[in-house]
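See structure below.
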Amino acid sequence: MQTIFHVTVWGEFRHEKKNPKVAEIYPRGMHETIAGFLREAGGMIVSTAVLDEPEHGLTAEVLEKTDVLVWWGHMAHGDVADEVVARVKKRVLEGMGLVVLHSGHYAKIFKALLGTTCSLKWRESTDKERLWNVFPSHPIAEGVGDYFEIPAEEMYGEPFGIPTPDELIFISWFTGGEVFRSGATWTRGHGRIFYFRPGHETYPTYHQKEVQQVIINGVRWARARVNIPDTCPNSPALEPLPEDPEASARPTIGHT
Amino acid sequence: MQTIFHVTVWGEFRHEKKNPKVAEIYPRGMHETIAGFLREAGGMIVSTAVLDEPEHGLTAEVLEKTDVLVWWGHMAHGDVADEVVARVKKRVLEGMGLVVLHSGHYAKIFKALLGTTCSLKWRESTDKERLWNVFPSHPIAEGVGDYFEIPAEEMYGEPFGIPTPDELIFISWFTGGEVFRSGATWTRGHGRIFYFRPGHETYPTYHQKEVQQVIINGVRWARARVNIPDTCPNSPALEPLPEDPEASARPTIGHT
Amino acid sequence: MQTIFHVTVWGEFRHEKKNPKVAEIYPRGMHETIAGFLREAGGMIVSTAVLDEPEHGLTAEVLEKTDVLVWWGHMAHGDVADEVVARVKKRVLEGMGLVVLHSGHYAKIFKALLGTTCSLKWRESTDKERLWNVFPSHPIAEGVGDYFEIPAEEMYGEPFGIPTPDELIFISWFTGGEVFRSGATWTRGHGRIFYFRPGHETYPTYHQKEVQQVIINGVRWARARVNIPDTCPNSPALEPLPEDPEASARPTIGHT
Amino acid sequence: MQTIFHVTVWGEFRHEKKNPKVAEIYPRGMHETIAGFLREAGGMIVSTAVLDEPEHGLTAEVLEKTDVLVWWGHMAHGDVADEVVARVKKRVLEGMGLVVLHSGHYAKIFKALLGTTCSLKWRESTDKERLWNVFPSHPIAEGVGDYFEIPAEEMYGEPFGIPTPDELIFISWFTGGEVFRSGATWTRGHGRIFYFRPGHETYPTYHQKEVQQVIINGVRWARARVNIPDTCPNSPALEPLPEDPEASARPTIGHT
């Protein structure tokens, strides 16, 4: 449990190339900034992958050795191949952790795992965001006090189209009058999922210490503990059963 | 809330045509048996639809007026068109109720809404199933005592690859030594989902009063209360914000 | 299920006698205002009870016929007799609904049922409260839009010392910068509990239509469906067991 | 997080003195057997305490340094002083973990934290218990396969009078026909609670490796991560508020 584990930070890496403001904030890409503070945190080996690599950098080999996948995407959700989404989903259900950031709420992988619209209200303006810690004993909230603030961020507002989280960790307050469930977890299959709201590309959010701490905590919390492939086995009885007069006649229809 | 509501019972209707034993138990099809006892229960207008109808009988018009969809499928999950699955999913997220029966655990619609494998152990033999009522005050358990038994049924065993249910209502005991979470609910979007395990096609399960009662209860519980289309609106501030020096420069990238 | 049911509105009824401002807002007591709009809503027979009656008006007879108890208390939680608290708790666990309002978060009965501190942050000032509806399909949110506002209210802030709610319906935004889980449900035993935050005695909150609608919805949602007394029975086997060589030697120690 | 932590195993230690059969199985007391395998597991400093010590061995000093308290009681729940129960409860709400075993379902501390009856069905006979693992990726299920068996145990059956668990890990199958939610977790305040069913005093259950592994896992999972005292602070605004014309007139009534 304490051995070094493997993290892959996936970035869409498009805004950084198109918008000089974003490039100024994240010169090497948002994924490299995120990978950077995870490496500094220690205890993990961190790689990156981006949309424009072959198979988006998420080959079966890469995923097989990944314990936690961090996901940031926004303008190009539709360019992510369904085949890769299916591959990532399979790995999460087998045990790989997934940390989804900000606009990743609309990533195919997030919607496929949660099954809902994942829609929300939004506004890109001058809101301040204050994240209230409603689960102080949760490992993801470690080192966070009662709340912390992000001086300027995009607003996300309720209702947020998600299934009820297993655990609700942060609720955000926005200057403009909205609230949002901004830190939440789910277990799907054998994998743990953490959604964390902050991180619009035009604000320097991932340079902020508190935000980094939460992501580090989230990655540690989500790390894979098992790797269990999917099966749906025909299973013999463990206790004596009455005789089955029709045994020979029963078709063996598998569950497919 | 007390007005008459509309139920569509969807049946795969293949086993009944291929297996004389199934045809003997359900001469007009399983869907007609289920529709029959729902009609007798009253308070609802019940239609049926089957796989081999055009669009599987689930046109946009049919779904729009359906408050609860009941689903039984098994050998032909793969023949259900993805387009129809997407249409049904959209309606559940808007508010339509969904009652999924037995082998429907592997229906595309169930897996798409829950996001997990929905796999399980299984055995078609001579097991008795005893369903224990673990949520006696739940409307779906109304009229059910501490437990009821089905003399012979296919066994489904844990682990069951589902997200933690919002509510767990029944746990089954099987002669052969297994247990199963056999009655469970989830809310997804604005729709309520009830999964109920019993009902393998080669046993007369849907003729049993207790099973019928639970399905009637489940349909009543799941009936649509709202019909809310999906939106992800750009939302103006409700409280004064600081001025936005970059307002004119902000690209209006929609959430898509 | 649609028959008329019985509601008892319990009020502490002390502030109204001591503070002229409160008396001005609620001349006949807060409990009478609440009982009044419940009566108008229809479908229920509404009684009231107050702290200074014998047994606080909550005799075994009163509770036995009560389907939903509404609770408002604040300055005199300590004056509620433990014996009455135990009696109310027993009835909730048997199936009676309980709607706890505002400062009732610190009522003995609420803390006894939830098991936690139920502490929070608070400030009596000029905050506006905006309640966001995060569960639009829930019966308690019926008729409420995306949000509604209370022009002036006491602030309650997170962290709120409650167990994770079964269902989270409202999250409040306050002018002063806080958020709060202000509408939440739990099932305890066979009874349903709804906590609703608004209603400080110095503001005319219970005269506001939206607040009344939520309380009416909450009372309807919480109404008792069962009345199941507590037992912990020694239970004979339902299936054949191996012989028990020590049967005669086994002490029959009850679970007490 | 990886530093050594402190565990206190609390035993009622009465059956062992009264019943020779129990004394034969657990010559030094059940608590010493449990403490023994926890010590062998490593990473923790394990102490014991029993009912007949002053303050039941659970002084404020002992509790303050305890990270996880393990609890086994049965015939003498009523002899545990309410003052000690209140002290333990306070510590759990502040962050101390609590592992409750078997008949501890009726311990005052368990009922006080959960708020429900915690009643169940029971039978002391020749049942075999098979515990199915329904949450294979949970740390408490680490090293447990799909299921494990206890050759003979007391039966506990549903309905079990608990609040819906945060996490359900094990469901038991009993020869006599019952099922039971036999491994479940809750967070209450800042403390984690794990209930684990097996361990009737007349069976050698705590000598079985699988049972020991689950308890070791449970203790590790429940260890205190925080120590947060209860407060209910009057909290100044973090954002500008309108002026309060009645500020001087507002009584400062604390939340008590």
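Each chain carries a letter (A, B, C and D) given by its place in the written order, and its residues are counted from 1.
Everything that follows uses one rule, which is that a residue touches a chain if its C-beta (ideal position, glycine included) is under 8 Å from a C-beta of that chain, and two chains touch if they have at least 3 such contacts.
Note that the coordinates shown come from a computational prediction; the quantities given were computed from them, not determined experimentally.
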Equivalent interface to A-B, taken from C-D, B-D or A-D so that over half of the residue contact pairs match: C-D
Which of A-C and C-D has more C-beta pairs touching across its chains: C-D
Chain centre separation (chain B, chain C; CA means) in Å: 32
Centre-to-centre distance between chain C and chain A (centres being mean Cα positions), rounded to whole Å: 36
Distance between the centres, which are taken as Cα means, of chain D and chain C, whole angstrom: 28
Contacts with 2+ other chains: residues of chain D: 130, 136, 157, 164, 166, 175, 177-178, 187, 189, 238-239
Touching residues on chain C, where the partner in the complex is chain A: 130, 132-136, 146, 157-160, 164, 167-168, 171-174, 177-179, 181
Interfacial residue positions of chain B with respect to chain A in the complex: 19, 74-75, 77-78, 89, 93, 103, 106, 112-117, 119-127, 155, 157, 161, 163-164, 166, 175-178, 186-189, 202, 230-239, 241-244, 247, 250-251, 253, 255-256
Interfacial residue positions of chain A with respect to chain D in the complex: 1-2, 95, 130, 136-137, 139, 142, 166, 175, 187, 189-192, 225-226, 228, 238-239
